[in-house]
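Pasting the structures here.
In what comes next, subunit A is part of two complexes: it sits with subunit B in the first one and with subunit C in the second one.
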Partner chain A sequence: MRLEHNLIYIKDVVLGDVNKVEDGVLTVDVEGLKAAVMTDDKVKDVKVDLAKPGERTRIVPVKDVIEPRFRVGRTNGFPGVTTKYEQAGDGVVNILKGAAIVTIGDMVGFQEGVIDMWGEGALWTPFSKTFNIVVDITPIDGLDPHQHEVVVRLAGLRASTFVGLAAENAAIDETKVYEIGTMAEEEAKYPDLPKVLYVQMNIAQGLLHDTFFYGVDLKEIIPTWFHPFEELDNAVISGNCVAACDKITTYQHQNNALTYDLYEQHGKTINFIGNIFSPELTTLDGKFRNCDYCAKLCHQLGANGVIVSEEGYGNPDSDLVMICSRLEKRGIKTALVTDECSGWDGTSQPLTDTAPEAVAVVSSGNVSKVIDLEPADKVLGNIKSAQTLAGGWDGCVAEDGSLKVELNAVIGATSEIGYHNASVKLY
Partner chain B sequence: MTKKVLFYLNQFFGGIGGEDKADYEPSFQTELVGPPTGIMPKAGDVESVGLIICGDNFFGQNEDETKAFIAKVIDETQPDIFVAGPAFNAGRYGFACAGACKVAHEAGVTCVSGMYEENPGLEHCQSFAWVAQTANAAAQMRKALPIMANLISKLAAGEEVTPEADKYFAQGRRECILVDELGSTRAVKMLLARLNDEPFETELPMPSFDVVEPAAPILDLSKATIALATSGGIVPNGNPDRLQSASAQQWNKYDISEYDQLKGDFYTVHGGFDPVYCNETADRVLPLDALRDMQKQGKIGKVYDFFYATTGTGTAVANARKFGEEIGKELKEAGVDGVLLTST
Partner chain C sequence: MVFVEGTFRDVLIKVRDMVHTGYELISHPLFASSRMMFSPYRTVVLGSKRDVSPQIECQIIEDSIISYDKLTARRNPQPEHNGDYAKVDLSLYEATLEEISMLRSSHTV
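So, the complex of A and B:
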C-alpha cells in the first residue's frame, strides 16, 4: 500500500469568500463553509471564527478537532461516514498542514475541552500550535443527546472537507510517501528485523464514547487488524467525548503519532506489520474476549514486539494491563502508553489496575494536575461551560475570566497515542 | 541569598553521651559538633543558625514537649532548611528525626535527613522530607554526609533534585512535566530497547495494591438494614451540593426515606458514562426501586434512610480511600448491616 501526504504548510488563515491558499495563507470561504454545515436540517445555526497561535484566545467547549484535507482523485471526505465506502490508505491526500477545524457549541456531555492559544494553557495542548477555524454549531431544539452528538460530529467532518477544498489546487510544499508491501514482501526484505504491531485501544462504550472505522462502530467489532495507512487517510473518526485530555480527536487519528514514529523505524530497526484496534468495552466478559483475542491476533501475526496505547482511564486501565500480560506471557515484548490519575498533589495511586508484566510504560502525564489559566482577551464559545467539563468544577471560572482546571479539561494534554510531550517524573 | 540551616542530633552524635544519656532533655546551641561539622563545608551557600540536641528516649517519652521545644527554636532562628541525623538504622533516632522534621515541615521549613531503608522512622517523613539513602551503620558516616550536603546545597540553591541522581528516598510525588520528546517517540524507543535487550527505564512503575478482606456474610437479610452507595454521581436534580462530574473532591448523602424510587427526582452528573438511560431512571444506577420491593416482600429488613454518592471517574485513589473511610464510619455508627455499592 502506498499513501502520499502532500503537505501545504499553512502560515496564516483569513476569512473571505473563496477557499484558496496563497503563499501559505489559507483563505476560507465563510458563507460556503456555513452552507456546508447547514446542509443538515438538524443544524439551526453556525458561526465561524479564527484562533491563531499566540493570540490571547480561549476556545471552550471543544468537541472535536479535524484536519482539513483533499483526497485527490478519490471520494473526498471520510469513507463510510460522509461519503460512500471506499478503501482508504492507498492514494494521494493534499493536506492543509498547520490548519485545523475545531468544533464547539452547546455541551453535549461533560467531556468536551479547552484550547488556549497562548501562555500556560498553550503549553498543554498540541492544538495551540495550529491555525484553528472554529465552527460553532447550534442544533435545532428538541434533539436528544444521541442525535445532538451525531449532528455536531458530522458537521465538523463536513466543515473540514469543505475547507480542505482549498488544498485541491494549492502548491505542494513537501510530499511524504508511506509505503509498505504485503507481509510476505516485507518479511523477505527485512528477514532479520523484529516484527512490530501497534495495538490501539479505543473507548467503545456508547453515547459520547465511540470511535468509528469506515463508519463502523468499534464497540460492535472484535479486535481487528488493519493497515496503518487507512487511519492516516480518513478511515477513522472520533465520536468520542471522553475526558478531553486523552480522547483521540479525529485530527489525531488522521495523524496518529505512534503510527508515524513506527513507520519511521520501518525497514531500519523494525518490520512494522500493522495496527490493531482493541475496543475497550464496559463488560467484564467483553474485556476478557477482546483482550484475549487481541493477544491471540498479535501472536498469530508473529509479532515480536507490540506497542499498546490506551484511550481514557479508569476501567480501560484493566484492558491495558490485561493485554500486556497476555502478550508478555506469549513471549511478545510490550511498551505501553497511558496517562495517570495521581491526584492534585501527584501522590495518589496512578492506575486503577496493575500487572507485574507491565515493565515498560510511557506516562503521558497526570490528568489531575491543576493549571491556572489567565483571562483571555477573546473567548470563542462559552467560558461558563468550563465549570461542567470533566476537569472543571463549579467555581473554577473566576470573575475576571481566569480559569483553574485539571489537565483533564485540556484537549490532547495527556494524549495516550503520544501526540503530546507531557510526562510524569517521580520526586 | 545565603540560606539558614538548623541541625538536629541525638545525645550520642551530639557528644552528650551514650545510652546512659538517652533521656537528655532537648537543648539548643549555636556551636556545631559531630556530623554537621562534616556537612557544612560541602553544603553550598548556607550558614548554620545552630544545633538542637535531644536524647532519643526523651523524645520518645516526651514527644509533645520536645516538639514544642523544636518549634520554639525554629520560631526564634527562622531557618530555611532543617537537617536531622543521619540516623542510619537506629530506630529511636530515626523516629525522633522524623518527628523533628514534621515540626519543621509544618513550619514551612525544607527538611533533610539521612536513613537506612529499613529505618522505621523513614515512613513517617519520606513523603515530605528529603531523606538521603545511607548504609545501616554509622561506620559509613563518611559516605552519608556528602549525600546530605549535596541535597542541602541543591535545595538551598533551588536546583532540581531527583531520587536517582541525588540518592534520596523518592517522596512519592508524581509531578506532571513537559519533556523534549513526544510520548510516541519515547514509546518506540522503549520498545526498541527491549527488543535489543538494551537497558530501559519505565516512566510508570506499577503501583502495589491493597487487598481488602471481604466482610462476613449477613446471616439474616430479612432483619438487615441495607444502605445504598454509589460512585455513579447520583444527586438530586440541579446538583445542589455541586458534586464534580469527574475527579471528585467530595461525597454527598441524601435522604431517601420518603422515596420509593429515584426516578424523576434524581439524575447523574458523572462525566464518564452515557447518562441518557440513567437520567431517565436513576434507579438504573442506584436501585432504590428494587430495594423497596424487597423491603415490602420482607426479603430485607429496611433500606437505610440516606444514600451516599460520589463520582468515580478520574477520582484519585487517595480521595476515594478517604471518602470510603468517612462513609464507612457513618454507616457503621448508624448500625447499617450491609451496603449495596454500585459503580458505573
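So, the complex of A and C:
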C-alpha cells in the first residue's frame, strides 16, 4: 500500500462564510458547518466556537477530537461510517495539520475530558497546541445515552469532513509518503531484519466504551490483522467517552504515534509487518479467547517481536499481561505500552495485573498524578462538568477557584499509543 | 441474583467470597476506565458453583480489590451522579450478556 499525507500547516483559524486556507490561515464556513451537523434530524442545536493555543479557555466535557482532512479522488469521510465502505490506506489525503475538531457532549453527568488551552493544564494535553474548532452538539429531547453518543459521534465526523473541504485546493506545505509492500516483498528486501507486529488493544465493552473499524463494532470481532495505513486513513473511529486520559481519540487513531514510529524504523532496524486489533472484552472467556487468538496470529505471521499498546485502565490490564505472557511463552519478544495508576506519590503498584513475563514495559504516565488547573476566562461546554472535574476529595477546589484534578480527567494526558506530551527525564 | 446493599467495594468483597467458594467468575469485576471506578454500582456476572475455582479467577478478583482500593482511597462520594452511574453500569451489564450470548448461547438448541 502507498499512502500520501499532504500536510497543510495551519497557523490560525477564523470563522467566515467559506472554507479555505490562505497563508496558513484556515477560514471555516460557520453556517455551512452548522448545516452539515444539522443534517441529522436528531440534532436540535449546534454551537461553534474557536479555542486557540495560549487563550485562557477550557473545553469540557470533550467527546472526541478529530483531524479535518480531504481524501483526494476517493469517498470523502470515514469509510463504512459516514460514507459507503471503501478500502482505506491506499491513496492521497490532504490534511489541515494543526487544526482539530473538538466535539462536546455531556451524555452522563460524571463525564470528564478537559482541554485547557493555557497554563499547567495545557502542558498535559496535545490538543492545547491545535487550533480547535469546538462543536457543541445538543440533541433532540428524549434520546437515551446510547442514541446521544451516536448522534455526537457522527456529528463530529461530519464536522471534520466539512471543515476538511478547505484542504481540497489548499497549497501543500509538505508531503509524507508511506509505502509498505506485501509481506513476501518486504521480507525479500529485508531478510535479516526482525519481523515486528504492533498489537493495538481497544476498549470494546458497550455504552461510552467502544471502538469501530470501518464501522464494525470491535466487540463483535476476534483479533484481526490489518494494514497500518488503514488506521492512518480514517478507518478507525472512537466511541469512548469516559477514559479521558488514556482513551484513543479519533485524531489519535488518524495519527497513531506507535505506527508512525514503527514505520520510521521499517527497513532500518525492523521489518514492520502490520497491526493487529485485540478488542478488550468484559468476560473472562472473551479475554482468554482474544488473548490466545492474538498470540496465535502473531506466531503464525512469524513475528520475532511485538509491541502491545493498551487502552483504558482496570479490566484491560488483564488482557495486556495475558497477551504478553502468551507471546513470550511462544518465544516472541514483547514490549508493552501502558499508563499506570500508581497513586498520588507514584509509588504504588502501577497495574491491576502483573505477570513475570512482562519485563519490557514503557509507561506513558501516572493517571493519578495531581495537577492544578487555574480558573478559566472562558469555558466552552458545560460549566457543571468543569466543576465535576475536581477530584471529589477534600481540598480539591481552592479559594481562588483553581481545581486540583488527577491526570485521569485530561484528554490524551497518558495516551497509551504515545500521542501525548508526558515523557521521561533522566537525572 | 445476589443484591449487595453497600458500595462497589462491598460488591467486590462478596464476589471474592463467592469465587473462593467455587462460583465461576464470568465477567471481570472492574470497569475499563478509571472514572467508572467511582461508580457506587457494579454488576458482576458469576456462574455455577464448582468444587474449586481456578487460580486465575481468584487472582483476578484479589487484584481487582487491591486496584480498587488504590484508585478510590481519597475520593468522597458524589451522589449527584448516582443515576448516571447506574445507567452506564446497567448498559455495560447488558453488553456483557450479549457477549456471553455470542460466546455460548448462539450454539444451544
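To be clear about the criterion, the second predicted complex is superposed on the first by the 398 of 427 C-alpha atoms of A that agree within 3 Å, B and C clash if a C-alpha of one lies under 4 Å from a C-alpha of the other, contacts with A are read in each partner's own complex, and residues count from 1 in each chain.
Heads up, the rule we're going with is that contacts are C-beta pairs under 8 Å (C-beta built on N, C-alpha and C of every residue); 3 or more make two chains touch, one makes a residue touch a chain.
Keep in mind the model is a prediction, meaning the values are calculated, not measured.
In the overlay built on the shared chain, the residue A:177 is in contact with neither subunit B nor subunit C. Counting residues of subunit A touched by each partner, subunit B versus subunit C, the larger count belongs to B. When the two complexes are overlaid on their common chain A, residue A:287 makes contact with subunit C while staying clear of subunit B. In the superposed model, A:335 lies in contact with subunit B only, and not with subunit C. In the superposition on chain A, A:265 makes contact with subunit B only, not with subunit C. By the document's definition of touching, of the two partners only subunit C reaches A:247; subunit B does not.
Contacts of A:423 after superposition on the shared chain: subunit B is touched, whereas subunit C is not.
When both complexes are overlaid on chain A, the residue A:367 reaches subunit B and subunit C alike.
Of the two partner chains placed by the overlay, only subunit B lies in contact with A:196; subunit C stays clear of it.
Within the superposed three-chain model, A:348 lies in touch with subunit B and with subunit C [touch as defined at top]. Within subunit A, the residues touching subunit B in one complex and subunit C in the other are 109-111, 145-146, 205-209, 242-243, 282, 313-314, 341, 343-344, 348-349, 352, 354, 367-368, 388, 391, 393-394, 408.
Here subunit C touches subunit A in the complex through residues 25-38, 45, 56-57, 59-60, 63-64, 66-67, 70-71, 73-78, 80-81, 83-85, 87-88, 91-92, 94-96, 98-100, 102-104, going by the rule given at the top.
Those residues of subunit A lying in contact with subunit C across their complex are 108-112, 145-146, 203, 205-209, 219-220, 240, 242-245, 247, 280-287, 289, 311-318, 341, 343-344, 348-349, 352-354, 367-368, 388, 391-394, 408. Of all the residues in subunit B, the ones that touch subunit A in their complex are 127, 161-163, 170-188, 190-195, 200, 202-204, 206-209, 242, 244-247, 249, 269-276, 312-319. Across the complex, subunit B is touched by residues 109-111, 123-124, 144-146, 194, 196, 205-209, 242-243, 257-258, 260-262, 264-265, 269-270, 282, 304-307, 309, 313-314, 321, 333-338, 340-352, 354-356, 358-369, 388-391, 393-395, 406-408, 415-427 of subunit A.
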